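Please go over the structures that come below.
Okay, so subunit A shows up in both of these, paired with subunit B first and subunit C after.
Up next is the complex of A and B:
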């Protein structure tokens, strides 16, 4: 491996990729059994499973890079060490996944569609030029990702072009997601180094590509913001802490045990 | 008229007795169709309701590997539910009914789901027991149904059984890790087994109609929808799993359990069948909450179904 700087920037970027998929997979799994129809339950749970698989690939790279055991990274890391964008940690709606869920399918469709499109742009840039092992992982992930994109795009188109109520809900959801979308493109405080070392292209370039694709479809101003915190710098809402305590409940219940 | 019907019936029974498979568009007696709809929609909806107790453990599974495995398993169960409901829908179509009717029957309590999915699953040990023993029990009863006289059901079951084997292996692997683990983990496992034992015996249903006052067993056997009795299946389950449970050093919470060499069958404490009846009629420990989740999902997504062009439903 090249310099220590290269290594630490690479690790930083991989955490961002891994944690986005890991947390969004969790949000997806909360929908299990609650999706609009059974066919969607089957498809959505398959996507969540894929996302968990993608996260696992990234975590295994982090393991190789000396960051420690992948299970520890996912089940014993404190919230301020997570690098996911805040968009991923926002809840699906009021209530919990076990009690009184009042989940918002429009928000879920928009979050997943906008994120998956950003993921596509991101992975494409890495495929062009980056650390070789990361490129190999991204190559594998891209195939499944393109199916996910088709899935969410179909939902997006259907709901945008149906009843007035659906359109209203979708438009509201678009506004909510755009308010955090800048955080998805951010690489955090060390972003310049990541870009300078050619691990991925700049936030601006990726954002521009994302907007170019989306503006063909969405008749809505695509001003993106980061209204709360920058998750790439380890700043998170309380929602992340609650999500992580659920994700690690069993792991933490008997420390040092094999499961 | 009567004579034609009798001819149809005779021909139908001949086909069944010759081992032919009945297909969706073939002539069938009304009570055959009804028995199939009851059986398959209950099976399908049980797969779907069965995802709910496991759902509790999907995010909580203790490692990345376990998370991936349980996600795959629950996704399979949903897929089985979908597959079976499709088979049931084809049978219901001539009666002018569809999936919405299945859902409405579920919500109103007319359509029952398996006793095991009314029960609590409070620990990771329960997730292991469900995957190992509940799925193990399901494999035994579904394997018996593979030879069913209704072709579409048999084909769906073939695919389902293949996947269930992976689930049981996933369960066994969770169980092994707990059994070989720390004291706390072993306790977790023993507690879960204690909680599930009676439900597992109940899984196969009562021995005869004496216990619950009615039984569809006889008719289902005559129509070759099934080939073994509830008790035969339960005995198979005990033969397969009791030695394995013992070999892990676990205690089965039934001091009377033993294999009677002379009769060549297991003796066990018969579960309280009035309790069983209470559970499957929607009065189990988790019946109301799980059903409420399902109803909640139906209601909170009603605008989505409407947007997809389906008739809006009001339950």
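Up next is the complex of A and C:
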């Protein structure tokens, strides 16, 4: 490891990558049994499981970097220490998993497709130049992610070219996702260091690549914003706190239990 | 018989709980076995990163090796590099997968993914769902014998 600054910037970036996958995996798992059809239930839960695996790989690196036990990082960390973009923590729609889950499939498809494409762009940049162990992890994740991208792209294309109602709901969802998409590309207040130390390329370069791929498919202005908070700085909506309290309920009840 | 050979023999009996017909050796997830006196270190390769069987396989490998006389310590670790691909499944593993009803991975990966039915060998099959009941499997359908079947999801770098 080169310097203390390099180490802290690397840790910062890995938290961002880990927490994005972790929280989106949780949101995905809330769809179990509620997806539009049974094949999608199988596919979506498999994708969520993969995402959890990706998060676990990143957390294992954080363990090695001295950040503590992965179970504690995921279940006992307070919300302001999470570095996921706000887009990941937004609920799937009105209602809750147990009561009247009127979840929004259009929003889910757009969030997952736009995020997975951004993830592809991010991981590609890390593969080109970054910390070696992180590059090895990213190599493995990329293989599995290609199936996810294919899946969400298929849904996106089909719904965009389906009925006028589907098109309208998809367009509304695109607007909602674009309003938080800038937060996905942000590296937070310490982002300049992360880029300066060549751990990943700049926010602007990655955003441009993402837009270039998407603009061939979407006939819609791709102005991205960060309308609420910057999750990379530990600022989150109340949705994150509720999600964390649900997902850590069992762990918190008996923290010493063997899994 | 060398200790290393004894270890490898034991590993022939360790199975992935989600594919109980194939040993971890034939799945190609054992990368290296290092023996130093009574201590053994096994380097294994994870198939899919979110596979819930990973910890179980690790435990089963450890338990199996510990039954060998003279072994004092066993360490099993998952390595990050090189990456496991479906090309690592052995010929015997491919036969055993098929016997279990899972079409073995195809050599060729890409748009031309032709998967013969494990029951009737027909190539008139369709992909129903690239995602299946386990991270490493897809769901297909045979138009000839009208059976749904599973296939190992191709993984290539």
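To be clear about the criterion, the second predicted complex is superposed on the first by the 256 of 259 C-alpha atoms of A that agree within 3 Å, B and C clash if a C-alpha of one lies under 4 Å from a C-alpha of the other, contacts with A are read in each partner's own complex, and residues count from 1 in each chain.
Operating definition for what follows: contacts are C-beta pairs under 8 Å (C-beta built on N, C-alpha and C of every residue); 3 or more make two chains touch, one makes a residue touch a chain.
This is a predicted model, so every value here is computed, not measured.
Applying the stated contact rule after C-alpha superposition, one finds that A:162 touches subunit B and leaves subunit C untouched. Touch criterion not met for A:239: it reaches neither subunit B nor subunit C.
When the two complexes are overlaid on their common chain A, residue A:42 makes contact with subunit B and with subunit C alike.
Looking at the shared chain after the overlay, A:220 reaches neither subunit B nor subunit C.
By the document's definition of touching, of the two partners only subunit C reaches A:133; subunit B does not. The wider contact with subunit A, measured as residues touched, comes from B rather than the other of subunit B and subunit C. Of the two partner chains placed by superposition, only subunit B is touched by A:75; subunit C is not. Judged by the touch definition given at the top, the superposed model places A:249 against subunit B, while subunit C stays out of reach. By the document's definition of touching, both partners, subunit B and subunit C, reach A:52. Comparing the two interfaces of subunit A, the one with subunit B and the one with subunit C have residues 39, 42, 46, 49, 52-53, 56 in common. Here subunit A touches subunit B in the complex through residues 26, 29-30, 32-39, 41-42, 45-46, 48-49, 52-53, 55-56, 59, 70-71, 74-75, 97-103, 105, 158-159, 162-163, 165-166, 169, 246-247, 249-251, 253-254, 256-259, going by the rule given at the top.
Contact residues on subunit B toward subunit A in their complex (touch as defined above): 48, 51-52, 55-64, 66-68, 71-72, 74-75, 78-79, 81-82, 85, 124, 174, 177, 180-182, 184-185, 289, 293-294, 296-297, 300-301, 303-309.
Residue ranges on subunit A touching subunit C, taken from their complex, read 39, 42-43, 46-47, 49-54, 56-57, 133, 136-137, 139-141, 143-144, 147, 150-151. For subunit C in complex with subunit A, the residues that touch the partner chain are 46, 48-52, 80-81, 83, 128-133, 135, 139, 153, 155-157.
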